[in-house]
Amino acid sequence: MDTWNILPQLLTSGITFGAIYALVGLGFVTIARASQIINFAQGEFVMLGGMITFFFLNKIHLPYPLAALLAVLIVVIIGFLLHLLVIYPLRKASLPILLMATLGASLFLSSASALFFGALPKALPPFSARTPFEIGNISVSPQSLWVLAAAFLTLFSLYLLSHRTLLGKAMEASSTDPLGADLSGISRNLMIFLAFGVSAGIGSVAGIFITPIFYVSYYSGTLIGLKGFIAAVLGGWGKHSGAILGGFALGVVESLSVAFIPSGYKDGVAFAILLLILYFRPKGILGSPFIDSRRW
Amino acid sequence: MFLSVEEIVKHYDGVMALNRISLQVRRGTVKGLMGPNGAGKSTLFHLISGMERPDSGRIFFKERDIAGLQTHEISRLGVGRTFQTLQIFGNMTVVENVLTGMHTRIRGGFLSSGLYLPRIKKREEIAMKEAKDILELFGLFGRWKWFASQLSYGEQRRLEIARGLAAKPDLLLLDEPAAGLTYPEAKQLAQTLSRLKEAGLTLFLIEHHMGMVMEIADEVAALNNGELLAEGPPDVVKKDPSVIEAYMVRK
Amino acid sequence: MVDQVHKEFRKRDLLYSGALWLLSLIIPDPQLHYRREYQFRKRDLIYFLTIIALPMIWSDPHFHHIMVLAGIHAILALGLTLFLGYAGQISLGQAAFFGIGAYTTAILTTRYGVPSFFAFWASALTASFFAYFIGRPILKLKGYFLALATLGFGEIFLVIVRESRGLTGGVIGIFDIPYFSLAGFIFDTYLKQYYLIWGVLMGLVLFSKNLIRSKMGRAFLAVAASEDGASAVGIDVSRIKIRVFVIGASFAGLAGSLFASVMSTANPETFSLNLSVLIVMMVILGGMGNLYGPIAGAIFLTYLIDGLSRYQEYSLPIYGVILILLLIFFPDGIGTRLRVRLIYLISYWGRKRRREKVEP
């Protein structure tokens, strides 16, 4: 009966995690929409956001907001560099090659990060009050609310970007109809370039918001990246709303599972969900514009 | 009845691709399938060859309902096909493409192949000889060692038909075999197809090359918007007013 | 005076050949397709003999050690090459089957006293088993999703191994796995292990080559080229995919068993995603559609990693960069480019010779 008591608490932490997965998933979707590429280095953007902020805050002693801003900028530049140095040279390569290249980039970024920033996990101070407040018998840390806010703000900004700005619409056009967009003068490579920047930005923001709650270390990127991808697939691969829904769904299920199975298996839950969803409904909960239902 | 399609219905996401189509192909004949683009011709082939399932209706081949069977099962029953978008195996040599066509006719499992037992070796040699003969028939013998991706477009089309033939089907579905061929190439193709018919093969072909269809087909069926407009001897269908209207209005 | 002219020539030669060499890296490969491996040629015999003779020429135990490891990687790469290089399907789970094989042997030999010969085959069977059950649902997927599903399987395997302390020793792993022994002969030195592993590899190469030149090999290639075309000629595409997957996994299981018998320990950190990535790199560098290429790739990458270990904490970032560079410059495998480059170099020197002959 004890299990039922801690469920609400688990639910809350699940929602917090869910928001992070949603943000990471959005990063994946942004790049995939522009280029059909899955960027396995996405998790590293998240990790670097937290890491670099920590560096500027504690080693260079910049004020917190400035450190965060600089970190986002630097990660965005890293995203651009990733495109220029890895993706663009391989633009005509086959799928396994691209896959390996992003995995290689992920390896490089995480190990280089261990080199520069050291192997110890780092934490950032929370944005506002440190003390959690109580709702009923659940304690919610204010940082969680910041995380939720970040998720929805990002979703909203992405929505504005793709539906209201010319640039965003160009990116959408490039993904739905590459040839047509190309003929209309939209450079596909430029769109992909920008998509990498946007994804890097989203990832780094997620990292900065989540590090005050959970530590960041050089290896945390890979796992978070994978889970974010699983979230995007779960919700409906290729849709922004899918990434959000999948993120929260994954976060909640994963957190709640701890009540029922030994905690060591927690990371396996996401992968089990992945296998289940790929087997039963690869399109995801909300359906996917990318997956041809005929042959599945 | 050799091939009999009965009341086939198929739609995709609400668009009706085939609306209660029924038609028949007699053994040893050449049947043409005509119609403007989007009429449902390739869809019908997908259904017959097992790549899609009809929403309702039945497809009989040699008195057996094959609707809903998988493609490779239907192929093993004796139905071969070629594709509108060329589907040759570019990563193999020309002769290997044909050899792959004979896949079901060469007996042997994983283990015996892996050990390359003498009987496997023998079967491979026999198959290789037959494959080269087939290539000879299509004028591709000289290129047998080339990679299939190195052939010209017309040669690749011929290769795909040769491969389809290698399986010794009783019915061959040809989806726009003359597409992209030059006039002399198409003429030669028509000759080859006639010879195949004389050898006893039943052909069902989708083709826009009006001249070729008229020349070799015994019977023609015309589709438009998923509906069967006319079915019968070529010159009769050609003059059918609804057929003429379909082509005029669309084109 | 004459000497000076000769020296000038030499410097310019180097510059030109160097530039040509670099250029050949970027210029597309002019129709140099792989020749299809129909029969066993003299070349195969030469390879086999070289493998046998190598450790006798080079008796440095460190060399033996590296080649033992390279041999195990080569078996892994061979299994994957059938799946990836021929049938065109991506798997990031090879390390998991490797681990399954290793743990099977470890558990059977340490806990139940099963002789290593039988544990060897049991490992292959266990890995095949898992491959069959995972393969049936997963292999319906294509491209990225298949890669992701195999990755997921690999991660789940790791989680389960880490948590099942009773069965697998958890994070610590299993120790004191006995050396491989056959009829009283114990393979306890690197040299003996070299012959064991490369002997197994050669047997597997024979088997694979036979598969490739039979209708099965053609079926693999057909599935990679066009699944529609393959099923149109009667090939049961899903059955073929499962078969290749299982074969690749069984090879990995054998490799795992050998690994356990050689290293005497099994722990989860070895069987990570990074290893799966490494094996895929070996196949890519060796060239898709190639049997010996991935083996050469295995030797190359094993040496590379060993060489990089000198740099301690810098080794991983450097490895990452090298990986990316290799992918950019050798997407079709190192072998292809080498041939192009050789031809460029030879024609350049040939032309230079002719020029020298004309000008007295």
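To keep things simple, chains are lettered A, B and C as they appear, and every chain counts its residues starting from 1.
Criterion: contacts are C-beta pairs under 8 Å (C-beta built on N, C-alpha and C of every residue); 3 or more make two chains touch, one makes a residue touch a chain.
All values derive from a computational prediction rather than experimental measurement.
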Farthest chain relative to subunit C (centres taken as mean CA coordinates): B
Chain closest to the assembly centre - both centres taken as Cα means: C
Subunit A-subunit C separation of Cα centroids, rounded to whole Å: 33
Subunit B-subunit C separation of Cα centroids, rounded to whole Å: 40
Computed distance of Cα centres, subunit B from subunit A, in Å: 48
Sites on subunit C at which at least two other chains make contact: none
Junction residues of subunit B - those touching two or more other chains: none
Residues on subunit C engaged by subunit A in the complex (per definition of touch): 84, 90, 137-138, 140-141, 143-145, 147-149, 151-153, 155-156, 159-160, 162-163, 273-274, 277, 280-281, 284, 313-314, 316-317, 319-321, 323-324, 327-328, 331
Subunit C partner contacts - residues on subunit A that touch it in the complex: 38, 85-86, 89-90, 93-97, 99-101, 103-105, 107-109, 111-112, 114-115, 222, 226, 229-230, 233, 262, 264-265, 267-268, 271-272, 274-275, 278-279, 282, 296
Touching residues (chain side subunit B, partner subunit C) in the complex: 49-51, 70-72, 75-76, 80-83, 87-93, 96, 99-104, 106, 108, 110, 113-116, 120, 124, 147, 150, 160, 163-164, 166-167
Contact footprint of subunit B on subunit C as seen in their complex: 31, 33, 36, 207-208, 210-211, 213-216, 218-219, 221-222, 224-226, 228-237, 243, 247, 289
